[in-house]
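These are the structures in question, set out in turn.
In the two complexes that follow, chain A is the common piece, with chain B as its partner first and chain C second.
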Partner chain A sequence: MLRSSRSIFSSMLAGCALAVMAPQAQASELVFWSMWNEPEPQAVALRAIMDAYTAAHPETTFSAVWNGRANQTKLRSALQAGTKVDLMDQDGDQLIGGLQKQGLALQLDGLVKADFGASLLPGVFDIYASEGKHYQVPYVYNSVNFWYNKEILEEAGAQEPATFDELLAMCDAVRKLDKYALVVDNDDTYALYYFSYLLERKLGVNALVTTFEDKTGESWLKPEVLKAAQMAQSLWGRCIPDDARGFQYPAGQQTVALGDSMGNLNGSWLPAELSSSAGEDFPWGAFNFPSVEGGKGKQTDLQVALLSMIALESSEHKEEAVDFLEFLVSEEAQKIIVEQGSVGSTRAGVAWPAILEEAYQAATNATAISNIYGGVGINYPDFYTTILAPEQNKMFMGQTEAKAFVEAMAADTKKYWEAK
Partner chain B sequence: MRRRMVIIFLAPAVLLYLFFVLAPAAASFYLSLFQTSGFGETPRWVGFGNYIKLFSDPVFWLSITNMALILTVGGVAIFGLAFLFTILINSGIWGKKLFRALIFMPNVIAVVALSTFWSFIYMPRYGMLSNIFKYIGFDQAAAISWTAPENIIWSMLIGLVWISTGFFTILILAGADKIPTDMYEAARIEGAGPVQMFRMITVPMIWDVIAITMVLWVIEAIKMMEFPFAFGGPTPVQSLLTPSIYLFIMGFGFRQPVYELGYATAIGVCMFLFTVVAVLILTWATRRDRVEF
Partner chain C sequence: MRPSTHQRIHRGIAWVILGGWGGFTVFLVLWVIMASLKSTRSLFGKPFEFPSAPAFVNYSKVWVTSHFGEYFLNSLMVVTASVIGLLVVALPAAYVLSRGKFRGRKALLNFFIFGMGIPIPLLFIPLVVMLSEIGLIDSLTGLTLVYLSVSLPFTIYVLQGFFSSLPSDLESAAVIDGCNDWQVFWHVMLPLAAPGAATVAILNFVGLWNEYQISLVLINAQEKRTLSLGIYSLMTSMQYSGGNWPGLFAGVTIVMVPTILIYIFLSDRMISGITMGGVK
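So, the complex of A and B:
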């Protein structure tokens, strides 16, 4: 009797223990390192998305570290020190050359649903794939378009241009108002928008990368490359004021907010960046970079800078991390990103904030997408940073001739590949 | 016994110095012999490969040229102004403490705020300089783009001199304040002016202070980063690069994912060597018999 009571008691105890232990074994806390600072609207949106996920999956909670833009670099040191991180986010192009290149990002193929990419806007899931393997889930869409003041365009009696010649005509019309249609800031990266887009319109998507990947350097000497450089230079004085050579970021783009310039070729983050100086009721409009005569690239091809989240290969909660990544681009989560983060969504069918409506249409109708600044910085960041961007800036700012620029690029490209 | 006590008392400081200064410095030199991204992959031994690559890297030499410009042109301007302020402040003018505080003030303001301030001064069209020139009718000067790529290094240098002068003035003034006043009184009776007194009394009497301030400037100039970096905006143009900024770009994935940690460390080692050589030369060049007073 006593033995039987003992065994019943033992069984009950074991049962209770299992009951207590079972949920503990399944509970997991996902550690997320973020590129946002905590007060930023995008961070607020991500916090809301994590809360929504936890509400649906009470066993999964999040511990977020808001690192700001140097997130990947900070994570580099932390990983070396043995810190356990499950999820992180950063610009997609920076991730390719960083964690993804080093094999520290979790490959998602086979872990996400087979049709996962189909739920996203055209090209989004594939743009950061390496040799067909996917690692990133882009969750914020930034596109590079001309952002402009609609009232000035209307006052000038001009139309949104579809071709480069129409762009020049638009510039002439705006000049009659004693204003300039376009403005730039003089740093190395922003100046590359024009040349890289012109080259892609001349030779097709990813033309800058393919030109650079010709190890002989000869591709730089194609007439189309020289023409693209000359067309970029031709904008000065006609579309872009000469004194813009001295505009240090963000002085140039601020002239759009002040109404002294009509527009700026920039990322779709520009209206948010200028909101405090331009005001909430600024009449923003956006149009794609125009096509060029005889060019292979289409006016509907788009340069983008998507922001991605990845799961770390070293994560101890891979299944939960991947499940969260799928949730991140669900309709529910992406609506939160749009509403609270005021940014573009990567999911098809989720409308962007009203101020970005034209950029949303451009993204939805994009015939091809390529990486911001022509994409050379992704796989060849050393060449991009030390040679291409500074030399291109000198050319664009008129310190060197277009011909001298392409010849220097041909020589530098050959030298680069010979040293590899 | 005395020797043992010295060792015991020195040991904590020596151990801390070894652990926190010498060991990391040695580890940095060792790291500079590898090619590594710093992401935890096995570093690849390249020996002096990073240094060979560095010495044929035109961007590195551009950064060295900029550093030399800051060191020499900036140094001459800073010490010239510091001496001038020392003469003026010690000439018995009214409000000595007020002027000293005003000259030192840039040193208590955040570098980012100072760089923004200077950007506003130089800004084309809306900037202070442009508007002053327009107001006095110098339209050609008003149209100059002070921050255009070909001018930006000089514009930055002017701001840097303005920021740095106060610190070195205060050091020189502190040394000058210790000189017995009867020397100046005697010189004044003999008919010496402020410049003569500065040249014949102040400079010789505080020569050791001047030599130390010059060493401090050399170190500061070689590792210069904050002001040119903040002045250049989010991605500074290449004409503003200093070795420190170049090190940061190459090692820390600044905007573009360049993670060449071994190469960046080699830049750091070169900067250390430049500092040692420059300080040794300066110490040799400024050696004098010490004046006791």
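So, the complex of A and C:
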């Protein structure tokens, strides 16, 4: 009896000891600062994803601060004041030159699974890597394509163009309907879509960055660069109405919604941005920027503007934060992003909303991806903001000749690197 | 005496310029109100037409869904408290700097004037650090204290000029009647300074009502946002999410209403306060 009591007592002690020694999941609250405003569909989707994560990991909860687009700016001040934040999101290109460059983002290599990048669409995990090191998990896919009204194209009897010459032919066909095929907003950044794409089609992916990184400035004087500038200018009057020079955002893109213009070279967010004026039944179509004769770039190369989430280097819950980042691009979470956020997914195999179907195909079949506006703004924001973007805009709008533009860029690039 | 031809021409030019300027301003305000009652499609399709069926729902959406009701209350609380606090601090300070005779008075006044020249963005990080230290970051109390502090230099500068313009004989008479310094200030000078106080109160109210930079940096929680942050949220939502442009104009109208009402009812008092302070 005594022996049996001892045995029971020993078993109980052992049980208690085991219970104490067993790894206990520590309750933790991840603080997430977001670029979305609370009522936005993307915020609703992220809230649902956080809830789904908590349902699977009850020990982890979230405290979300919906800062809106100035998230990174606000976060910088807050971090300097010692505020503890675990996760944040922002446009990937802004993060590269921001928190990532300042060493405030957590490096993910070795923390995420080795094949993590393979589960995403081509190029997505690597596009914002610095010197081969990964910091960001892109979770929303935005691509730059021509977004257009299918009914007008059909009425004009034209086809989606595969080459620049076909693009001009399409413009001529649409002109017969007393409409213009394309429209722009007179804005330094929007105007750069055309020249940067044309340069990439001429010289290959990231051509604008490599042209600028030639410290002698001589690369600007290549005939292909001049040709790209001239081709961009040639669109005026034929594809783009001359009075579009007076359009300030969003006046130009709204003409597409109103049926006055056929299309706009813009991000895949355009259907969402125009949804309230275009209506739900608007016949959206999309096609990639066409190839150019003798060019090294392919029509399937794509400029993108992905939205990323990062874990902060100063996070006290790094393991949980990284685990959540992996969950964010899981099939389950990305389906929520697509369905509730109405945006493109970065995960391979997760279909995008029907309205973005053609952009999804373009992303899936992308032979290479590069950064929006040619990528110069990411690593050289000073040159981009003060010289390249405004000067290029003047050239595109016809205020300066293409030749004068490339010569000025050659001189300014040389001067920039000499001053460094 | 009848004005000469030369004077009539000058007056005519002034009327044309000021009338044109005033007319353009009124047109813009009316256009914003009109835009706030349209659908997005008609706003861009027929920007200068009156809305055929005014969409008052834009206002209710902004007020409820975009939380403008809460933001309005927050702005009202913060700005009212800041202006009251400002007057409580600035009136006695300006009086002393205007009438007091002590060493360093001028240096102290110059110190306040110097404060007017500091760019607000330079203060962001020190403010965030200090408010975090005292636990007032992301709080309306903290925002109120900052508003009060950054408005002090201008307010003291204006009020000091106003007190200087008041005749000193009244103070002497009060002292002869047996008033001490505090009584002279409270019973004699403060009532005389009322137009000046009203002027700075109105100017500060309008300025702080529209203030954006500081609140953007200091306030994060959605329930603590002010109206200007609400407008900012609406504007930035246009990118990526879909543009409720009439909603934005409804928000702008909500922000404008108190400012316009203040000008309608108190502009005479404000102008008289400014002109009184300007003449010695």
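Note that the second predicted complex is superposed on the first by the 395 of 420 C-alpha atoms of A that agree within 3 Å, B and C clash if a C-alpha of one lies under 4 Å from a C-alpha of the other, contacts with A are read in each partner's own complex, and residues count from 1 in each chain.
Definition applied: a residue touches a chain if its C-beta (ideal position, glycine included) is under 8 Å from a C-beta of that chain, and two chains touch if they have at least 3 such contacts.
Everything numeric in this text was worked out from a predicted model, so none of it was measured.
Q: Mind working out whether A:402 is in touch with chain B, chain C, both or neither, as first, second, both or neither?
A: neither
Q: Counting only touches as set out at the top, which of chain B and chain C does A:70 meet: first, second, both, neither?
A: both
Q: With the two complexes superposed on chain A, say which partner A:80 touches: chain B (first), chain C (second), both, or neither.
A: The answer is both, since A:80 touches chain B and chain C.
Q: Please work out whether A:269 is in contact with chain B alone, chain C alone, both, or neither, and reply first, second, both or neither.
A: second
Q: Touch test for A:101: chain B only (first), chain C only (second), both, or neither?
A: It touches chain B, and chain C stays clear.
Q: Which partner does A:251 reach: the first (chain B), the second (chain C), both, or neither?
A: both
Q: Which of the two partners, first being chain B and second being chain C, lies in contact with A:277: first, second, both, or neither?
A: Second partner only.
Q: With both structures superposed, pick whichever of chain B and chain C touches the larger number of chain A residues.
A: B
Q: Considering only touches as defined above, state whether A:382 meets chain B (first), chain C (second), both or neither.
A: A:382 sits against chain B, while chain C stays out of touch.
Q: In the overlaid three-chain picture, which partner chain does A:42 touch, first (chain B) or second (chain C), both, or neither?
A: second
Q: So which positions on chain A get touched by both chain B and chain C?
A: 70, 73, 77, 80, 250-251, 255
Q: Flag every residue of chain C that touches chain A in the complex, lowest number first.
A: Checking each residue of chain C against chain A gives 39-41, 43-45, 65-66, 124-125, 128-129, 131-132, 137, 216-217, 220-222, 232-233, 236-245.
Q: Touching residues of chain B toward chain A in the complex: what are they?
A: Touch list, chain B to chain A: 37-41, 57, 59, 119, 122-126, 143, 145-151, 231-238, 249-250, 252-253, 255-260.
Q: Which bits of chain A are touching chain B when the two form their complex?
A: For this pair, the touching residues of chain A are 70, 72-73, 76-77, 79-80, 93-99, 101-104, 185-189, 242-251, 255, 260, 377-378, 381-382, 384-387, 389-390, 393-394, 397, 399.
Q: Of all residues in chain A, which touch chain C in the complex?
A: 33, 36-42, 65-70, 73-74, 77-78, 80-83, 142, 250-251, 254-255, 257-258, 269, 272-277, 279, 343
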